[in-house]
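Before anything else, here's the structure in question.
By written order: A, B, C and D. Residues from 1 in each chain.
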């Protein structure tokens, strides 16, 4: 049964968690994915594991709120607390099934920019890649998360921090990385997939006006079968159980 | 070949000259050596090249203090709040030189240094502007199967600064919780400064040699520095002071505002003890987990 | 994605098919998985490729049992006595194929596999016949400074067999004392078989995550096997049985003599328990050293 | 004061220990060097450290006899017990001052063979390199130890397991390794140095006939100044203190 009141970010967490399959090893970074993994492993994906580039490996939720992957509740009772090269080795040798990425800008092929954006004549410096470039290159698939704002959807990102698919439909032909590239984009208004390397609309969040939402993109977003039109659903609302868990993991709504 | 124990943090940090390249913040958001960083600023050490993976606030603070001319890092900001304003302003005004990395490329560059090889190959980077816009990396071809790889050259910092739970006076160090890229950075660095929650008898270290993360011949200075990583957390010692990160974010969006912040928290305190007197937060461990017993012997 | 716990050693070892490449003896003279090795022989698993750094006796025994067609290793013999007669005779009669390594080249080949790169560069090997007479390595030039390096291609064993102090049923493993090349081998291997002195509750492993050397998704089978490393030592559990190494050396200089030895120690026992009944040595730890306390918590 | 009775191997241990300087990091392998490091750190080199390729780092002698570097007394109260790559990293980046090597054969330039030797028409297989090739390539200097037997001194080794100096006097020009190459050879009859990459006689062990001993070499061994004639001394006998220590470390004379 769906709850009646939830925040857009709670829905994003629920939608992101749904992208983790049972048995997956998930590469988790900052912000919402911190909550999404805990939700997934507590519900439909009990045998999933999370790896964090700080060196942490976990098989269950933290017993306390975490601002960052290195907060003590995330280290306490972890499976392993090791170093980054151990985690990046798993990623590079192909043992990470899914990785989460944020972004200030995304283009039609899932290229992400978290390094520097243009605002009129000025360039604004952002924090940079962190592990995003590595996850984008090497995770089995990636799930992108970002607030739904028109300025974030661009024909061409100002800087390719995290490479997506090739513009020519050759999939990941733009680089020799072992990863499968972007598989989903979850915004605060809709969830998108990728078909032949191009972003398509998969589901619209409840209560969102589809046409107005799509107008935020500078190109005509397709709805798939490869890559014309296909079915578009409504994103499931977070269940009561999910909301209860999300609010346990993030009691003050710091991230959500 | 052992560390020279330092009487005070000031003594230890004074061994790092202006113009040094310094790798720090190596365990990511865990155990960041803020105390040593603030002491660098107090001593007026400048023209530093900072090297690290993600930097949660410390790089931003040192940039704000005018100590930095170059950054080689993957991410500089405030993990609780996003932007680091001093970093952003310095880049946008060309106040510092930035070499963009991914976390893995910093890790590999330091691993190459630690391993004593000129470079290491990776399957990451290619296809990104981290690679394309950089003068640092090279493209290579695997001579065995013809696969394309990116080659990451070694980085050998003059100094690595590490905060740890306990160290012997000679410089043998026990470290637990996640370690990020502490290991490759310590191996690659010419000198290592260790600040420790506790300086302990060598027998404590010798009781558990598999816990030893750093050995003395890599260490130039070791100093006891309780709370030396605040506001970052230290496993077994204290939690993260998230409010401090948020307060910093709210208080440093202009240089003038930052200067005021630094007058209070960096320049306005003489040492870590005075600093901690100003911190108003209960970060103590309320649910200790004791590691299962391990024995050696013969 | 977790290990399948095995009821018995026989059950666990039966998952390794003939023709497999198997990395073992990875912690050098420490914690060699002799029990698993003998079980391989008892099951008639053959055509094995054995991969390791120095092998202290186990490779010699498996060669003597006719289980091995190829060895990729740096040193095969008996550390207490020198020559391994079964290895020597097999090489001299062209009974097995040998790929000569140095310890570092085996370590780097497995590290390359673990790291997921096609090769790693090294400053070792060049100038030696380990390099010159090998088809394995390539010569390379560092594109940054033009330095000459040797390139070591990845080795990815089908199996790694590791003996450890304790593991959870899921396959998370605590390991201490020296580990040789356990870490790179486990990372590079397709499957890992863990024999442990103790299978423990997951909570034991979770109480000290920095002690975890292997995590479950790398492990295919885990089985409790006390004394599983005899005659090699296991930190915290038992000392090395040097007399056993010397007795083996004295008893295996011909194949007929070896067969007699194997009838007693390998084929003539049903399992490890029966094996240990035949061992007449006090190897117990008489001076236990307890590791200094470590806490996590929040 | 020198002792009157000691075994040739006790003298070798004493001579090998003398090659470790205070403050050195020494790479220690099998057999006699296991005892030599313990002797050195207990006498003239208290600030030396030993690293072992198994992953052990020690700053003092083991409190019990060790057959191998991995015997529990060598792990107990060690400074660090880690893995091989950690130790080999120290070696490759130039942090190991001195390494010990054995050999079945050695030539004039310090090339060592521990892989396979000829005996008439047959080839005899030996255990192989272990870490010897790596130590030879990369240690600051190496000290070679072997029993004094004519068959071990050859014009050309049958297999270069551990590269020495160049035959052309170019030092280490035969490979680009960072190490300094062979610095001393300790046999059961004499101690040798290397000058311009060539082996020369440094000291003769007490009671050994110099000419008979030198006749074991297939070439005319020089005595240095670079590389003609120089002074040759008598190797110091182990002192009473040294002998007492050696017999503490190896009470049954297993190695000595």
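Everything that follows uses one rule, which is that contacts are C-beta pairs under 8 Å (C-beta built on N, C-alpha and C of every residue); 3 or more make two chains touch, one makes a residue touch a chain.
Remember, it's a predicted structure, so these values are computed and weren't measured experimentally.
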| item | value |
| --- | --- |
| Between subunit A and subunit C, centroid-to-centroid distance (C-alpha), Å | 40 |
| Rounded Å distance between subunit A and subunit D, as computed from the means of their C-alpha atoms | 57 |
| Distance between chain centroids, defined by C-alpha means - subunit A, subunit B (Å) | 28 |
| Multi-chain contact residues (two or more partners), subunit A | 56, 63, 71-72, 75-77, 81-82, 85, 91-92, 138, 178 |
| Residues of subunit B touching at least two other chains | 116-117, 122-123, 147, 149, 176-177, 179, 205, 207, 210, 235, 239, 285, 287, 289, 296-298 |
| Chain contact graph, described as a line, ring, star, complete graph or other shape | other |
| In contact (per the touch rule at the top): chain pairs | A-B, A-C, B-C, B-D, C-D |
| Interfacial residue positions of subunit C with respect to subunit A in the complex | 1-2, 113-117, 172, 187, 203, 205-207, 209-210, 212, 215-218, 296-298 |
| Contact footprint of subunit B on subunit A as seen in their complex | 30, 52-56, 63, 67-72, 75-77, 81-85, 88, 91-92, 115, 122-134, 136-138, 159-163, 174-178, 254 |
| Complex contacts: residues of subunit B adjacent to subunit A | 27-30, 53-54, 56, 73-77, 79-80, 82-84, 87-88, 91-92, 100-105, 107-108, 111, 122-130, 132-133, 147-149, 176-184, 232-233, 235, 239-240, 242, 245, 285, 287, 289 |
| Complex contacts: residues of subunit C adjacent to subunit B | 116-123, 138, 140, 142-145, 147, 149, 151, 153, 165, 174-177, 179, 200, 204-205, 207-208, 210-211, 235-236, 239, 285-298 |
| Contact footprint of subunit C on subunit A as seen in their complex | 23, 25, 47, 49, 56-57, 59, 63-64, 71-73, 75-82, 85, 89-95, 138, 178 |
